């Protein structure tokens, strides 16, 4: 990138890398996460270190949701001499690029990547969201608590580590709670889910758990609606997207998702963020388009916001723009974000014990807050 | 009855998917028949038709937007031929194919750029989006009308190819450009018409397909495109009836494989390819393919 | 005479679907002979060559090369019911070699419509023909452990091109050669496989009478030089009558006449089916 | 030109190249995009050349490259993950069932061999098919391979849908250059050998090739197997470069990408494939990145520059290259020093003549 | 005014100069033949006239109209057809369809023409419904000629119609050429069979490596010593 805004000299600038997909399978979610980061940047774009004011610059790079493009994208950020990096949506790319950042000694703060392997053994990788084992367990608990579910039908996407992984954790927890599961998986590019839905019905499932990308999700919802099924659909954080609301609007399909953040959160920080973010989106047609054309706040946007703020906090704490110093400061950095209190454990994961459960309000295409679920 | 209730949905889904594949597959087969070109961009033209519908239907009523989508798709198909294939008429075959891959990339990337890659909800088309019950299973009207419409369109197409002057010209051009020119045939127009027909069918296919599946993304065309292409090869590429038979076979097979009891879902796509390979090994030019005999 | 018999085509029938292209054909070719196979278009001449060289599997019949059976088949599989020809049941062995195996035995051919490796140089065209007899494998060839063999191949090819006066064109792409030289190169390439028996399919097609004349001379020369036996198909009667010692005439797949050129020219059946008014053909 | 001199010149150039790379690594920071492009470019060059061996030199239109790379990548990964890391990688499969590791070089060879064995087996039936039918069948096989590697039942070996990671990788750009260089050199030697000529004969005219005593089945299988061997090695290198392996990355899109490189470089040109793979990687991953960034000049927002625009521009560039350089950058020619050397010689000779005439 | 007038025609294939500036005329209702060695540029000349190849320079005039480098379809519509080298009939069209496609640009009724063709070639009438590809070589050649006639040409160009045909068929073809010419169609003929061609032709041109080196009536050339030595082999 050759972009230079204003007349800053390099000495007055601290660069924060944004390592996110804006194309490929996870492009949509990645863009929403970027929006949160950009919004945060619009709020806090300078920082004082040692009495000097530095301008913060965002370096956004597209990892194309692809493991083989990720290292190159990461190298771009390293080349830009970013002090700290935020990202990425999608755990696979985060893992793939991890060593590039690791070798360069740059700390990375994952916003929404939920796979345990992202941080495991990577002292430079931190993360502010909960993990898949937690999320899977939460959802299993929710299914049992709310629907008294005995049988769950799990539909995962073959070859997708997020999908398969989360499905696995859900299964472990659900079986642990005394339920039985029926598992199936679909292949990339599959567009006809009626057969799967039929087998869910035939298996006598009380809930369908489908941790998939939003593309598959809208197909599943559309076809489930057409088939008039009355089994609730459960899914993880990826489904917390306006795409799902679009797909479900006007139907009477029950949809529950676990997520990091609730738009209807009426805490001061939460509502301030929601209002500010919406106003910011609406003022900017490009951004609104990147959010899917509406101003519904995705949880990943909130996480992106928080991740950026954590980065700022760490820089402040380190009192330096040197990546090594920031890395040193991060483990002890704490921050109260819009998604809750953030502190890191010794692996680098955020210490979290609750998840929000939301349900799709199909009448007016919005999310209804259902519960804050914790693990038994 | 129990049996039918359990398995009917799979078969219905299969027939419906088969019909949609068939409409796309014909585009592949026609273009291949005439240019010997695997038109990799065909699936993406289908996808583009989907997006056109999403955007157009947002601002105008269906009775305008549907015909408009069909017209625009046809124009798109024609333009692709004009810009990307016609200049390469005398180039090595591989270059034209690469051009096709390039167009496919371009269309996908443009769609990405314009839509930000977010899945778009396809508009509901009244009546054909409605649900109907057959026995104990529920499906949409589109599932039922797809095969019928497909068959009607294809019969019309076969009649066109077999019994009209332009059809005769298409068959002639597919054999030999130069000699066709000597007969006074304008090969560019004939090829243009081929693309127009192919795109027209792709547009119809996209109406049916996306009504059934409700979401359009920039890569929506890739998988149906590939499947339709497989169907075309399966039936013997270049043969219209072959493409249709292949498409229905593949549609039905891949859905039957999803029957839980078979426990084959993991391999439903793989199985499609496996079946294709088996067929090809038994009949190296597909079910209805003309035998390539190198006259020695 | 039969001690030095080269090629025996015995009762060969080739049926495509319902069409019998070669019908119970028997041909003998002796060592050191030039034999011609003539007949109207579609009589099955090229098909006969294709059966001999392994391009097609004959439906029935057998072919012997120097007394040894190299091709043999009988109506079987789908053909069992469809078979329309004679001599069903005469053979029970199946030997269906691929064309390369036939070439290795020492039978080389040219094609009715020239089939050179058009993008490769003249030299490479000939060099490729040496591949089959080289003592090497992929490994030795890749790492040049076969360099002696490779040198020998190259030297032999240079010598051959020199003889055929193609040496000055050795680096030209074969496709760029004038038609007549392409024919000559195709024959040279066939010679490079070290054949004993050479099959030529319409070598004079597309040549004018003068060029045809030169070709006749050329064929005679290579025959002497390489101790070849030659079987050729041709429509140019002046060439055929001039160089062949014996002629077989095929019509609708069947053999309708055989004999010396003089006998054939007078044969009424041949005149009716093929030559038309005799004098005209040699005008 | 004297053959010996030629060899010496090429060797000198090679040494110079490696020296240059070495020096670059000392002076440029390790994260420089240049190295990323060089590493990936070297790997893609190998894969593209191996595909060219099939498509450009043997005339077999195969689209199975990604599948063979997948096999190579997994073979490499599976056999090199340190035993102590296995429980972390195979977390869903109790550490997997393979409990030993082999040295990197051995694993690279194994990667090639595994791909080659597989190619040999599927080649038996598939290579009987012609042109586009062969293409679709090989494409199909690649898809099947992918599904099999993601299959849960094979999880203890392949880790199912999950990533393989923590295996040895390379840091220096010299490593991929050396490995790719050796492999490409072997392919070039093969192409220029008697067997290479046989492959080209098959490409030009199968029937004539057969009539020249070339066993079609054997030679096609040979080309297919050898090409797959190198694709497997390329896959292993790619795995090292990416630091993680996931079957879902090896889609047909990857094969198309390689095919694009091959055709843009020129079918039947090894140097073309190499040049175009570096250009391709550089353009797609480096030079055009600025197009994705919303840019302001002063307060003026440069239009069109938004995420995704880079790819649009890139596909347009590809189209332009395809439409205006239909035979690719190099056609079917090779980059060679001969013309340069000839120039040199001519000048040299002229000077000699001048000197000579002066003396008289 | 000649029916067809070629002036200083030059044609290249890439770097190869196939035709290096030739001029000749074809009078109305005549039979004109081009003879010459292989690769002399004969086929290229015909293909250029038919519009299949674009010349580098030179003009082609037909009935006074400049048709140089025009679209092949337009040239056909003016009344020029080419019987291409190697027959090139459409193998999976029936004989009737092959004939109909010959009249592709015509919109009027074809019945009369079909009857005329069937009179000329009774063999084809028997095989109306047979696929073109299944005909024998001689029949295919007849079909190619008949197909060209279906456009009701004023000028018919034939590229080596006797190539690879049995002696008897060769004679038939030449008989047909004379017959068509009697019916008023001008013929431009390329032949390797120089004997037959010169016997049939009113005018002959000898082409050598892209240039015309000799011109004369068919009879004259037949007795010309140079022609005899180079092309007639006697």
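The chains carry the letters A, B, C, D and E, assigned in the order they are written, with residues numbered from 1 in each.
Keep in mind that, in the parts below, a contact is a pair of C-beta atoms (placed from the backbone, for glycine too) under 8 Å apart; a residue touches a chain by one contact, two chains touch by 3 or more.
Quantities reported herein were computed from a predicted structural model and do not represent experimental measurements.
Asks: In this assembly, which chains make contact with subunit A and also with subunit E?
Replies: Both subunit A and subunit E are touched by B, going by the contact rule given at the top.
Asks: Which pair, B-E or A-B, has more C-beta contacts?
Replies: Greater number of contacting C-beta pairs: A-B.
Asks: Select the chain at the greatest separation from subunit B, using centres from the mean of Cα atoms.
Replies: C
Asks: For subunit C versus subunit D, what separation do you get between their C-alpha means, in angstrom?
Replies: Centres of subunit C and subunit D (C-alpha means) sit 43 Å apart.
Asks: Measuring from the mean C-alpha position of subunit A to the mean C-alpha position of subunit D, what distance in angstrom results?
Replies: So the centre of subunit A lies 35 Å away from the centre of subunit D.
Asks: Just curious, how far off is subunit D from subunit B if you go by their C-alpha centres, in Å?
Replies: 32
Asks: Which residues of subunit D are in contact with two or more other chains?
Replies: Each of 147, 150, 152, 207, 306-308, 311 in subunit D touches at least two other chains.
Asks: Can you list the residues of subunit C that touch 2 or more other chains?
Replies: Touching at least two other chains: 55, 111-112.
Asks: Counting only residues that touch at least 2 other chains, which ones in subunit E make the list?
Replies: none
Asks: Under the stated contact criterion, what part of subunit C meets subunit D in this complex?
Replies: 53, 55, 98-101, 103-104, 108-109, 111, 115-120, 124, 127-134, 136, 138, 141-144, 146, 150, 153, 189-190, 193
Asks: Along subunit A, where are the residues that touch subunit B in the complex?
Replies: Per the stated touch rule, the residues are 22-24, 27-28, 31, 158, 182, 184-192, 194-196, 198-199, 202-203, 214-215, 218-219, 222-223, 226-228, 243, 246-247, 289-290, 292-293.
Asks: Which of the residues in subunit D come into contact with subunit C in the complex?
Replies: 186, 189-190, 193-195, 197-198, 200-201, 204-205, 207-217, 222, 226, 332
Asks: Could you please specify the touching residues of subunit B with respect to subunit A in the complex?
Replies: Counting only subunit B, the residues touching subunit A are 6, 9-10, 13, 17, 112, 116-119, 121, 129, 131, 137-140, 209, 212-215, 217, 219-220, 222-224, 226, 255, 258-260, 265-266, 268-270.
Asks: Can you check the complex and tell me which residues of subunit D touch subunit B?
Replies: 55, 125-126, 128-130, 132-133, 135-137, 139-141, 143-144, 147-148, 150-152, 206-207, 252, 256, 259-260, 263-264, 267, 306-309, 311-312, 314-316, 318-319, 322-323, 326-328
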